[in-house]
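So, here's a batch of structures to check.
Each of the next two complexes has subunit A plus one more chain, namely subunit B in the first and subunit C in the second.
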Partner chain A sequence: MKELRRYWHSLCCFWSSSIAAELEYPLNAWVELLSVLGNLAGSIFVLKLLFGNGVALGGWSWNGSLIVLGLYTVLDGFTTCVLQPNLSRIVNHIQTGTLDYVLLKPIDSQFWLSTRTVSPWGLPGIIAGFCLICWALLKPSSSISYGLPSSGALLLAAALLIASLIILYSLWFVLAALSIWFIKVWNATEVLRYTLVAGRYPVSAYPPALRLIFTFVLPVAFLTTIPAEALLGKSSSIWAIAALCVAGICLTGSRLLWNYAQRFYTSASS
Partner chain B sequence: MSIINAKELSKIYRVSEKQPGIAGTFRHLLQRKHREITAVNQISFSIEPGEIVGFLGPNGAGKTTTLKMLTGLIHPSSGELLVAGHKPWQRKARFLRQITLVMGNRQQLLWDLPALDSLKVNAAVYGIPEKEAQRRINELAEMLELGEELLRPLRKLSLGQRMKTELLAALLHQPAVLFLDEPTLGLDVNAQVRVREFLADYNKRTGATMLLTSHYMGDITTLCPRVLLIHQGELFHDGSLSELTQKLAPCSQVRMELSEIHNVEDFCGYGDIHSLEGHQVQLLIPRAELSERVAALLNRFEVVDLEVSAPPIEELIGGLFRSREKL
Partner chain C sequence: MKWAWRVARALITSQYALMLEYRAEIILWALSGVLPLIMLGVWSGSGAAAAAGISAQQLSRYFLAAFVVRQFTVVWLINVFEEDALQGRLSPFLLQPISPLWRYLTAHISEQASRVPIVAVLLALLGIAAPGLIWLPSAGALFFGVIAIMAAFLLRFLLQLVLTTFCFWSEKAAAIDRLLMIPYMFLSGIVAPIDTFPPAVKRLAMATPFPWMIDFPARLIAGEPVNIALGFTAIIAWCLLLLPICHLLWRAGLRRYSAMGA
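Take a look at the complex of A and B:
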């Protein structure tokens, strides 16, 4: 319990100090807000084009697709808030040798590296994503109005959203940890981020081959489509359990990889 | 009981070798060649609680590798090592709370924030209650002569002030063992002196053990009664600086100003002539016979001025490294 309190207190200090540092550059908030709104408008425009001829997208209605897009926007905001600012520093720590300081702190190094900083500039994305989800669920003028989900569906969707956050985090962390061996592997996170853009649309909208890849290779389906299904009350229990299992496996995998990678860390020369 | 105990400690790195040029690059891609480099070769030493020990050696001698093994950052290839009763490479929280590492060329504090914010983060990570942390910050800030500097963003501090705040951050958890890797690197003479004074004072007050590497001999001569001299991964000397000087320079330098000009032959039997220019002569005389020969010189010549000194330690160590590299 004492240890948990220490970790919690450390997290509060990490985040308050990094928010203070970020607020040294307040103009970033407006730039990020414009960027999120621009991206969102572009995605909605593409969706509108796809739905223009009245055809459902891979069996998904307009509102359902908006929920998937909303979840993607939330995940992208989370990436900007937590993943990008923290995990992009790992490469820097390795190159400059400041990882030494992290490894010598009496705190879990994966916890430190994953949470040391937070960027408030992803918040507009998270808020916009949730607003889009609510709007899609409650919009009265749509042909299908889903209304408020049942509390069970809401709970399941929340659990699956957490699972998708864990999967996303683990993918980023694994790539960052690989930079202990291959410094340039960090560029792969850009590839990852652009591949995960596929999560803007329901997985069933893609051709069968891509669907397989987005389910079993890059788990895009688990990131947005499956939580959206839960929110719409049409979730299959097998896929929900699979999503939770994938999250558990990814997190454990990232942990094991980090513990293994540390053995190969030789620290930068002075 | 020793706080640091290293026995036949070695570290061997496996590195890949690549020939220069594009052909070498392709060959390297297709057929990698590796070779083993012994960075540290079976060194043994122990350090008692409260000691300040200087760790000397040229670049690439194995100092930093040894420090990294002592702090637990890298695994030794072989040998036994205990620091504060722990095997460092296991990096257990109880061990990490007892040590600290200060690197003159790297910083742990956040660049955009006042040092005080980073210190609060450190206090939280080490589980130091807020009031106690503030008390320790005040005490260390007073010793380091830091005041409102702690409230200014780090990027706006001078190099000397930044090093002092780094020291404060490194000592907040009251470690028993301090590993200091070039703590005065790049500092001006005044700042170097202040850092040295602080370290000496801290050692006196807390009884903390310190292992210090530095290329500035001033750091070593001021702070370290004992030095470990490492060269090409091997321990060359473990003892006091004066013992090292005796080991490296069995002769003393005697400089005389004479009232008359003399020939080389006149100094036969007194020692080796280092230089002879006009009234000035410099002789190298074995320490064991120093007083006897100086007395004879004073009897034989009319001496206006006399100075006996040991050759500068920097020159001696530099000479040692150069001579061993030639071997």
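Take a look at the complex of A and C:
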């Protein structure tokens, strides 16, 4: 318990100092807001094109696809807030040898590396994503009106969203940790970010081969499609359990990999 | 003339050697350009393309060509320049008797040269995975397509150069470039063929420089009917418009440059 409080206290210190530093650049707030709104408008425009003749996209209605897009926007905001500022720095630590100091700190190194900074500039994305989800749920559509999901569905969706955040974090962390072996992979996380764009659309919109890849190789399906199904009240219990299991496996996997990787770390500077 | 040739050769060979050092990174950058292929997946599953009069084969050829065009028109000038200006690395370049912009331009061209084998391998892998996807464009389409890619790259480079000069005034100019990426993403034809746009949006898009950077070269390579003369005229006109702006901003910016960090 005391240990937990110590970590909580450290987290508060990390985040208040990094927010203070980020607020030095107020112009960034406007740039981020504009970029989130612009990206959202563009994505909705493309979705509108895909729905051009009223045909459903992979069996998904217009409102359902908007929910998937909203979840993608939330996850992208989370990436900007926490994952990008922290995990893209691991490579620098390894390249310059400053990982030594991290490992020497009396705090778990994975915790320190994953939570050291936070950027408030992902918040517009998170808020816009949730607004889009609410709007898509409440808007009476011509075909089907979903209405408010039951409290059970909401709870399940929240659990699945947390699972997708964990999966996303683990993917990022594993890729960043690989730089212990391949020092120069600093843009591997960029590749991940660009391929995860696939999560903007429900996974059943893709051809079967890609669907398999997006479920078993790069778990895009678990990131946006499955939480969206839960919100719409049409989730199957097998997939929900699978998503929670994948999240657990990914998190323990990232933990085991980090413990294993540290054995191969040979400090760069000393 | 002879001097220019010697300088160009020296710059290109040294930058190419530098890029070969970073080949692992370039493979990753090449992989990060998969967006047109992902969009091909979405579009082929939707009936919207057929409704706009685009057949399945046309669609796959278009996006595959867009993938190649995107690979060879990537511009990352602003990110490198921002760091060089902030860390003072720009100062020694400015002392040389040649504009540092030539160095950045040759770095981009060398990077594209080192991408050629990577893109070839990616296309071969795609061909093995989905044999119907790969085709050989006609010689004419290939010839004009390559020229169009080069012209599109030049236009994209100049457009980013305008923003890059803001580095002299602001420390966060790269953030502004992210805003420019949004119309580029949605109006250039990377995520959707321009022909599927509603007429009003299409007219609006054609009035911007963006469709000429992806849509025009991609449709040329894919063997679609395109107005080649109009396309090249548009690219040249945009370049001629941007060149003096770049020149003026660059000169004004240099006067402000205070050699940070040096």
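Everything that follows uses one rule, which is that the second predicted complex is superposed on the first by the 266 of 270 C-alpha atoms of A that agree within 3 Å, B and C clash if a C-alpha of one lies under 4 Å from a C-alpha of the other, contacts with A are read in each partner's own complex, and residues count from 1 in each chain.
To be clear about the criterion, contacts are C-beta pairs under 8 Å (C-beta built on N, C-alpha and C of every residue); 3 or more make two chains touch, one makes a residue touch a chain.
Nothing here was measured: the structure is a model prediction, and the numbers come from that model.
In the three-chain model built by superposing on subunit A, subunit B fits alongside subunit C with no clash.
Comparing subunit B with subunit C, the partner in contact with more residues of subunit A is C.
By the document's definition of touching, of the two partners only subunit C reaches A:A188; subunit B does not. Contacts of A:S151 after superposition: neither subunit B nor subunit C is touched. In the superposition on chain A, contact is made by A:S17 with subunit B only, not with subunit C. After overlaying the two complexes on the shared chain, residue contacts for A:F45 are found with subunit C alone; subunit B is out of touch.
In the superposed model, A:T98 makes contact with subunit B only, not with subunit C.
Once chain A of one complex is fitted onto chain A of the other, the partner contacts of A:P106 are limited to subunit B, with no touch recorded for subunit C.
Shared-chain residue A:S237: touches no atom of subunit B or subunit C.
No C-alpha atom of subunit B lies closer than 10 Å to any C-alpha atom of subunit C in the overlay.
Of the residues of subunit A, not a single one touches subunit B in one of the two structures and subunit C in the other. Subunit C contributes residues 22, 24-25, 28-29, 31-35, 38, 41-48, 51-52, 129-130, 170, 172, 175-176, 178-179, 182-183, 185-186, 191-192, 196-197, 201 to its touches with subunit A in the complex.
Taken together, the subunit A residues at the contact with subunit B in this complex read 2, 6, 9-10, 12-14, 17, 20-21, 24, 96-98, 100-101, 103-107, 112, 263, 265-267, 269-270. Subunit A meets subunit C in the complex at residues 25, 27-28, 31, 34-35, 38-39, 42, 45-46, 49-53, 55, 57-58, 182, 184-188, 190-191, 193-195, 197-198, 201, 205-207, 209-210. Contact residues of subunit B toward subunit A in the complex are 13, 64, 68, 71-75, 91, 93-94, 96-97, 99-101, 103, 105-108, 110, 112-113, 117-118, 120-121, 123-127, 153, 181-182.
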